[in-house]
Amino acid sequence: MSHNTFGHLFRVTTYGESHGVAIGAIVDGCPPNLKISAEEIQAFLDKRKPGQSRFTTQRQEADAVKILSGVFEDEHTGGLRTTGAPIALQIENTDQRSKDYGEIRDKFRPGHADFTYQQKYGIRDYRGGGRSSARETACRVAAGAVARLVIPQVEIRGALVQMGPHKINRKNWDWSQVDQNPFFCPDAEMAKMWETYLDGVRKAGSSCGAVIEVTASGVPAGWGAPLYGKLDAELASAMMSINAVKGVEIGDGFAAAALNGEDNADEIRMRHGTPEFQSNHAGGILGGISSGQDVVVRFAVKPTSSILNERKTITKSGEDTAIITKGRHDPCVGIRAVPVGEAMMACVLADAFLRHRGQVG
Amino acid sequence: MSHNTFGHLFRVTTYGESHGVAIGAIVDGCPPNLKISAEEIQAFLDKRKPGQSRFTTQRQEADAVKILSGVFEDEHTGGLRTTGAPIALQIENTDQRSKDYGEIRDKFRPGHADFTYQQKYGIRDYRGGGRSSARETACRVAAGAVARLVIPQVEIRGALVQMGPHKINRKNWDWSQVDQNPFFCPDAEMAKMWETYLDGVRKAGSSCGAVIEVTASGVPAGWGAPLYGKLDAELASAMMSINAVKGVEIGDGFAAAALNGEDNADEIRMRHGTPEFQSNHAGGILGGISSGQDVVVRFAVKPTSSILNERKTITKSGEDTAIITKGRHDPCVGIRAVPVGEAMMACVLADAFLRHRGQVG
Amino acid sequence: MSHNTFGHLFRVTTYGESHGVAIGAIVDGCPPNLKISAEEIQAFLDKRKPGQSRFTTQRQEADAVKILSGVFEDEHTGGLRTTGAPIALQIENTDQRSKDYGEIRDKFRPGHADFTYQQKYGIRDYRGGGRSSARETACRVAAGAVARLVIPQVEIRGALVQMGPHKINRKNWDWSQVDQNPFFCPDAEMAKMWETYLDGVRKAGSSCGAVIEVTASGVPAGWGAPLYGKLDAELASAMMSINAVKGVEIGDGFAAAALNGEDNADEIRMRHGTPEFQSNHAGGILGGISSGQDVVVRFAVKPTSSILNERKTITKSGEDTAIITKGRHDPCVGIRAVPVGEAMMACVLADAFLRHRGQVG
Amino acid sequence: MSHNTFGHLFRVTTYGESHGVAIGAIVDGCPPNLKISAEEIQAFLDKRKPGQSRFTTQRQEADAVKILSGVFEDEHTGGLRTTGAPIALQIENTDQRSKDYGEIRDKFRPGHADFTYQQKYGIRDYRGGGRSSARETACRVAAGAVARLVIPQVEIRGALVQMGPHKINRKNWDWSQVDQNPFFCPDAEMAKMWETYLDGVRKAGSSCGAVIEVTASGVPAGWGAPLYGKLDAELASAMMSINAVKGVEIGDGFAAAALNGEDNADEIRMRHGTPEFQSNHAGGILGGISSGQDVVVRFAVKPTSSILNERKTITKSGEDTAIITKGRHDPCVGIRAVPVGEAMMACVLADAFLRHRGQVG
């Protein structure tokens, strides 16, 4: 991972600002001859798209993806297939509302990257957060859709497991619920509670954080490259690089610290001639290599920094002031982080698969 | 991070197994003309060294580091200086007790990398865990000692903040206590409690997890390379790559999910002509770039997998069995992870500094 | 250099096929606050543009570059400046003549990448050579224009020094001539001769090779990163990656093999308090590091593979056949390789500069 | 390729100075379960070893390689096998003659890296050239021996094809001759002539350059990763990174510039159901991908810079002076570059193989 590229063999490079001409992702190193279509990629983008409920920003972006390169017609079916060349995915910015950026041009929004970008670069595109905007995550989702084509045997699913202080009841977990509410919540009861809670947050001009859990089933034992490219290290980096993420854990994560060795050990038994773990505290990764169990990652998203309540800050020229961030913001950016987390899981696993195949065959 | 190398400009490559001839680190890209000595590096290794109290493995390794390359005598002082060439640091394995490895040769220890290494590679050095042994972390500590030379203005300090289920009282935090107990504990009271607790764990043949916190003071605003090489993403990867780590968080981490936007915002005021944050929920990183505040990272270490209590497992040839892991093991590997976490922080920051200087000057 | 990305800190990623929707380059890691404009970049593209004389392909591409990201208005001048974020440069393909690709769809053109792409990927975009088309070099030229902004103190100039078997007379070298003829030839006499020669080649339906020399003046001593990222190694890779290039040399290159040690040594004298080399056999690079002299690189371009004369080949399904490559082709692709070579020199040097600044300050 | 590491999946990192404690290579990413032995690696080192004839430096280095890690006993045969972990290869420096380095400590030897290392780093290990010494190439040879294990189907052979101005007669080419003379010369007649010639050079206290050709047979079609990781680009970088190399060519190389398109085209016919090229001007690479023909690379080595004849230079403190480089030097370093070139070919191909297998399966 360096600058705006991540991955080793399956590599993703992105570009673009929130209010620029376009954003896009170049997916390089993709295996050839995979069936691909803009529609399939679009379906994942639509999951992430803003403006779908009153709980996400009302910014209306069509977020229509175009494939500019790296694909070619199958001579038999006429459908598209990957060629092994870089796949350029582009999304034009259509809703660049012309407006007065005066406030955020001159003031640093607390919790935002405004201050650090200015300090690092001495210049910043302040319109909608520029490069640091969550809008960039659309590119991750598009790239993730391509990554899924590389590892069709793997099922990747994400869910919101905590909103503000309210955690789901894991006993109620039902994957089929995730598409039935605007929160990707697997606990139908909690989803209702969150609706009330988030309405309150929104009306108060405030915001809240969230925790997302992403699971990959069907990953065989053996993916991952110790020591510094461990599968869990790559996942940690991938998730932590998502906007507003402040923590990542694998399997039991921080809770593992409170366990003793007996309880934490995932015992193994043979079953129908195959090793079977009796539990999955490890989250499917041992020594940085997948064990064949579900790979389980969780990450924490901080509350949206853009809030309607006044906060103290300073101006670019160094004067004390205060700021209220108006505009179209998600009261809980964690919701839309669910498909983004899934996409990052897909990219990391696709890369791990190709690297494993490279080294071990 | 790929395979056994990490870093971009300040790069560390390591090699070696627990019971092989030697382990070592090649530190590449180090700036020239820095004063360096084996003694200084040794001092950090000694902090991590096993056998220092009854709470760490009784394996007696001298862990004496040699500098094989990349340094040259200062023509004036006769002391060593870096030359800009790769610095090879090597530690010979002196305590390779000849013993019967029968059990772990044929059985997979639950929670260990035994199973996944065998699945991935079809062969494994089972002696003491081979490449996946925590012994490798000595190389990280040696590399970290060099990294500190690159950023002398930064003070890096680590502490154990939770052992098993027992968290310190942050009000008692006193850095001077960290060297006064065998746990790197900043809370004198809790240190005493842990002593009793860990004795019990040890006598029960069990083990426990821990949480480590590492802080870097003196990091100026501007280090870090968005988007995928964000400073927090690199730290997450670095910490997660340490043996037995299952979770990483920056600043408030997972607790941030439960905050509202107002409470999470680190407000800014001018003070003596300089921006000053009123709090540090962000852990010193905004948008992947350092803000000038302390960089704060925490990571969770699972309980040592090697325990004296029997666990169910299978043999290499696929038969149900059980295992008791005898030998010299730390009941709480998290303790010795403190200097390792410090070292990884140093390496990541040194690399971030060089990259920032490269791009921005 | 990996797949479709090159560079370490100044990184270029490209995408796009000859007859696809668009081609483009993402320039990542560029220092912030550099003045930039599409017009400036366009000027370099125009140098490379086909259809400018009867000696280059008559394909009419506007080759109009757009900057999609990574720049922002200077608040004082209103002109654009780089922000440190990835700069996306895009060129739409406007002249995608609808035509019958039957011949090259089913047959492998000798000397082209048709055969190897098919063998490697099992699928290929045959339209105009797809990804392997020289059209891609427009992206290099655009990226090179940005690279020049990073190292304004360095003057990079290229010239054609051999066409077919006809070498220039180096005594006639006059940089001002390079813009006065359609060949970038610094020898006015030879330019005339080449005109006649190339007319003959073209009328005969044949093609010829060429040798290009690129010089960089103003490179200070110290750029380059031994051992495997030596400045000359990076230049060799950069030039060899250009379409149709078969050889690269630095300074005296292959001729150095025939010299003795005395003649090859570039002696040094002090002049006005500064070291001054008495000759430049080394081409400005010693031990992989720039010496302060002009950096001099030459590369050989093979004759255009697309010719009107029939050649034996096979079909995709494995039958003997023959092929005549009609269409719009340059009889000497080496001519348009001159600005491409300059661009690669610029990219390599910009990267070397940033890396040097990173390590040494 | 960056700093002291090269390769993507098959990665080599080296360290060490000419007169330091030891030199070594870490080979990372090697597939597991390959049979390996120190003896096999030693055999390649012995080919390169100095002091084997009066035509190479009389420095007496045992150059005995040790394998420190990354291998484990085969449970059946007791022989060693690779484990997939990094393989550390180390060679101790045993002949570090204690001597007065006064001259080269204070003066820059023309043609050497002395000047540029001093300019870049402000410090240098002047003993025997330090890091820039050709001694480092022993590490490449050791790594290359491992690389060969990865691609046993590929036969890699090198030969000296030009010494000073004297080229071999290609009609006399006989691979079996290469081991019959101290020059790796495939032309028996020319080998005799070179003996006389090089004796003269040596006695005159002078030196001469050389051209090496390395061929790889058995490379299947499809290896290489366009565009910037083209197989020829990687080979160019690998060869140019060898000490004293000033030029690299693939197939016909610079001679291709003088050909016309008809003569340069390698026509294809089916033979026994398989495509067969009628010539190999391309040197086995088209569009950066191997074609299935022999991969052919040539590189030019400049005359040894260390000569007994006086040359003008300056001192470190900036005064005009002159230097005679005494000591044990090869009059033609190109000879010992033959096994080094073979090793680099092996490393590049092993890496290309693994990457191809990763992407395409």
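Order as written gives the chain letters A, B, C and D; numbering starts at 1 within each chain.
Everything that follows uses one rule, which is that a residue touches a chain if its C-beta (ideal position, glycine included) is under 8 Å from a C-beta of that chain, and two chains touch if they have at least 3 such contacts.
This structure is a prediction, so every number in the text was calculated from the model and none was measured.
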Those chains that touch chain D and also touch chain C are A, B
Can you name the chain that lies farthest from chain A, using the mean of each chain's Cα atoms as its centre?
-> D
Gap in Å, rounded to a whole number, between the CA centres of chain C and chain B = 45
Chain A to chain B, mean C-alpha position gap in Å, rounds to 27
Chain A and chain C, separation of their C-alpha mean positions in angstrom | 38
Considering chain D alone, which of its residues make contact with at least two other chains?
-> 2-5, 8, 14, 29, 32, 84-85, 117, 120-122, 131, 226, 360
In the complex, chain B residues that touch chain A | 1-6, 8, 14, 108, 110-113, 115-117, 119-122, 131-132, 136, 162, 164-165, 201, 206-211, 221-230, 232-241, 245-254, 256-262, 264-270, 273, 275, 278, 281-283, 285-292, 300-307, 309, 311-314, 318-320, 334, 356, 360
In the complex, go through chain A and note every residue touching chain C.
-> 2-5, 11, 13-17, 20-24, 26, 28-29, 32-33, 66, 68-70, 72, 74, 81, 83-88, 117, 120-125, 130-131
Report the residues of chain B in contact with chain C in the complex, numbered from low to high.
-> 8-9, 29-32, 84-85, 226, 354-355, 357-361
